[in-house]
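Working notes, beginning with the structure itself.
Should a chain be cited, it is by its letter among A, B, C and D, assigned in written order, with residues numbered from 1 in that chain.
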Amino acid sequence: MSERGPRLRPPYIAVIGDGEPHGPDAHRLLEWAEEIGSLLARAGAVVVTGGLGGVMEAASRGAVAAGGQTIGILPGADPDEANDYVRTPIATGLGVVRNLVVVTSSDAVIAVGGRHGTLSEIGLALRMGRSVVTLSSWRVESDHRLGGPRVHRARDARDVVSVALRFAAEREVAGPP
Amino acid sequence: MSERGPRLRPPYIAVIGDGEPHGPDAHRLLEWAEEIGSLLARAGAVVVTGGLGGVMEAASRGAVAAGGQTIGILPGADPDEANDYVRTPIATGLGVVRNLVVVTSSDAVIAVGGRHGTLSEIGLALRMGRSVVTLSSWRVESDHRLGGPRVHRARDARDVVSVALRFAAEREVAGPP
Amino acid sequence: MSERGPRLRPPYIAVIGDGEPHGPDAHRLLEWAEEIGSLLARAGAVVVTGGLGGVMEAASRGAVAAGGQTIGILPGADPDEANDYVRTPIATGLGVVRNLVVVTSSDAVIAVGGRHGTLSEIGLALRMGRSVVTLSSWRVESDHRLGGPRVHRARDARDVVSVALRFAAEREVAGPP
Amino acid sequence: MSERGPRLRPPYIAVIGDGEPHGPDAHRLLEWAEEIGSLLARAGAVVVTGGLGGVMEAASRGAVAAGGQTIGILPGADPDEANDYVRTPIATGLGVVRNLVVVTSSDAVIAVGGRHGTLSEIGLALRMGRSVVTLSSWRVESDHRLGGPRVHRARDARDVVSVALRFAAEREVAGPP
């Protein structure tokens, strides 16, 4: 937090998950992501994703349909690789490292399903002081008692969004790590 | 360039340079940066910077005063470290590596003055296929004949902006490296 | 795997964990790390760490005392920040991003205790196709059935090392992701 | 430099340049790189490269033939992508960002020929406080008077190595940026 006090800016919420979900849950994960994007936009939040397909595209589509803003943090060097619902593409050229930017640029992180890349983003989010809400995703628990950012396992899209917005508001008070 | 053809999106132009310019030229460099930001905004371009002070702040201030959009790609994890004229802060947590994102997320790059960090950004821009316009900055010349992105030494702010916009348009045709 | 077949090189095993462990388990974690380093060196493995204190230093000390080789992948730009038991310091200048290099440069990863940074390394290891052995560390489980790299919860230092060496050998057969 | 004084470790010298040199100068560049690697090894230096072909392979081959040590900082995730003369492969998974590690892990940097990637490494080296020796490579000059690390244009392989070793020794006194 700078000396001049908090900015009057909207919360940035990352939605992370599989770029090509398959299996029996794929359809449900995409529906959830789209609903989450829509609810975030209606609450005035900016939706940040990795800019590609699957969960990223569904969340962005939901946000844009509700009149919201979307940022896509792309792994490659071509902004036109972004899906059609990314309003502000950021081509990073970072490859795998772009995952760090997705979570650090956000005030809180939502994980919908996801594989190993999503787990790495959950870990990076916590490392950077961002709390995480999961929906049908990873369970992560330490053998030790740790303070700092939190992980909440949500039961549906509304629960996801209300907790994520609360986590984002708390981060603005607590400041960065 | 994706199969569905070029996006109808504004050009993104990076303005790079010293975060704390000093010496006899400092005042002139900041005036140039502000004028460049203003001219870019009037031409409909989005101004991308590293989000901090000096040349980055001056270019952003010029753009905002002319009604334009500004993105700040920050090295740290706190979006509130951005200067007051950044409309879309991207806190990366990348440290030095954020310089790669500043240039890769842009269609062309403008260097105003600058020290070693600016030289590294010029090199990274060319490496990522982005052409560069310099004003009172570095001269870089290869002992060998090379194709690809170009470096133009401009004489004033108007020359900077007109060449940068041309370079950006050419990149959209040529596609990424 | 290149066309010319597997190299005759020793396995590289990363040991990750807290740089400043505290709490009731701290002493035991450091003892484990030192024993693991020693066992790895006696098995002919190269011990890779983040090069700083705590678990990183204990594992390196154990390896060097047993006549082994140690590599330290440092976050900063000064190789002299490495602990005294790092034989090959790699100063990266990458900050947080150096965690990716620690796990990618290794054939398998061992996590001893650890906080959020360690969780991010476990996630990055799996993302990069490296299997992980944990000892008194994080439990990570997906809600979905996933193939690929594995996580093994070990019960003591000997179990850690024997499984990690097996994981490393399997990676060389399977090749990179 | 840590409080306990300088380490007794050999200088690490990076040799950077084109991975696939072509054109009329290609043969000469590779001969220079091999001779430089050989001279560095005889002087007790460790040769650091990006681990792939062309200038990187030639410098590593020269060093190994003279009984020296070589480190290869690879862009990908597979250590077996290293050329046959890399004794310590570091697979980073960083893509373009690995260039930062090549120069930061070294005490001084030698550029032999090279295209845009080499220019970005020269810029990153100076940014990280490493001085650079060039041979038939880029000329970089600032319009402003700058202190800090230096660039020396050498005339042959012996001049390259003697100046690079001097730059490396000066860095150890001066410490990191």
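By our rule, contacts are C-beta pairs under 8 Å (C-beta built on N, C-alpha and C of every residue); 3 or more make two chains touch, one makes a residue touch a chain.
These figures come from a predicted structure and were not determined experimentally.
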Any chain that touches chain C and chain A: B, D
Chain centre separation in whole Å, for chain B relative to chain A (CA means): 27
Between chain B and chain C, centroid-to-centroid distance (C-alpha), Å: 39
Residues of chain D engaged with two or more neighbouring chains: 93-94, 96-97, 100, 128
Topology of the chain contact graph, where touching chains are joined (line, ring, star, complete, other): complete
Touching residues on chain A, where the partner in the complex is chain B: 1-2, 6-7, 9, 12, 71, 73, 76-81, 88-94, 97, 100-101, 104-105, 128-129, 175-177
Touch list for chain C against partner chain B, complex: 93-97
Chain C - residues contacting chain A, complex: 23, 25, 96-97, 100, 113, 115-117, 119-124, 126-128, 136-146, 148-149
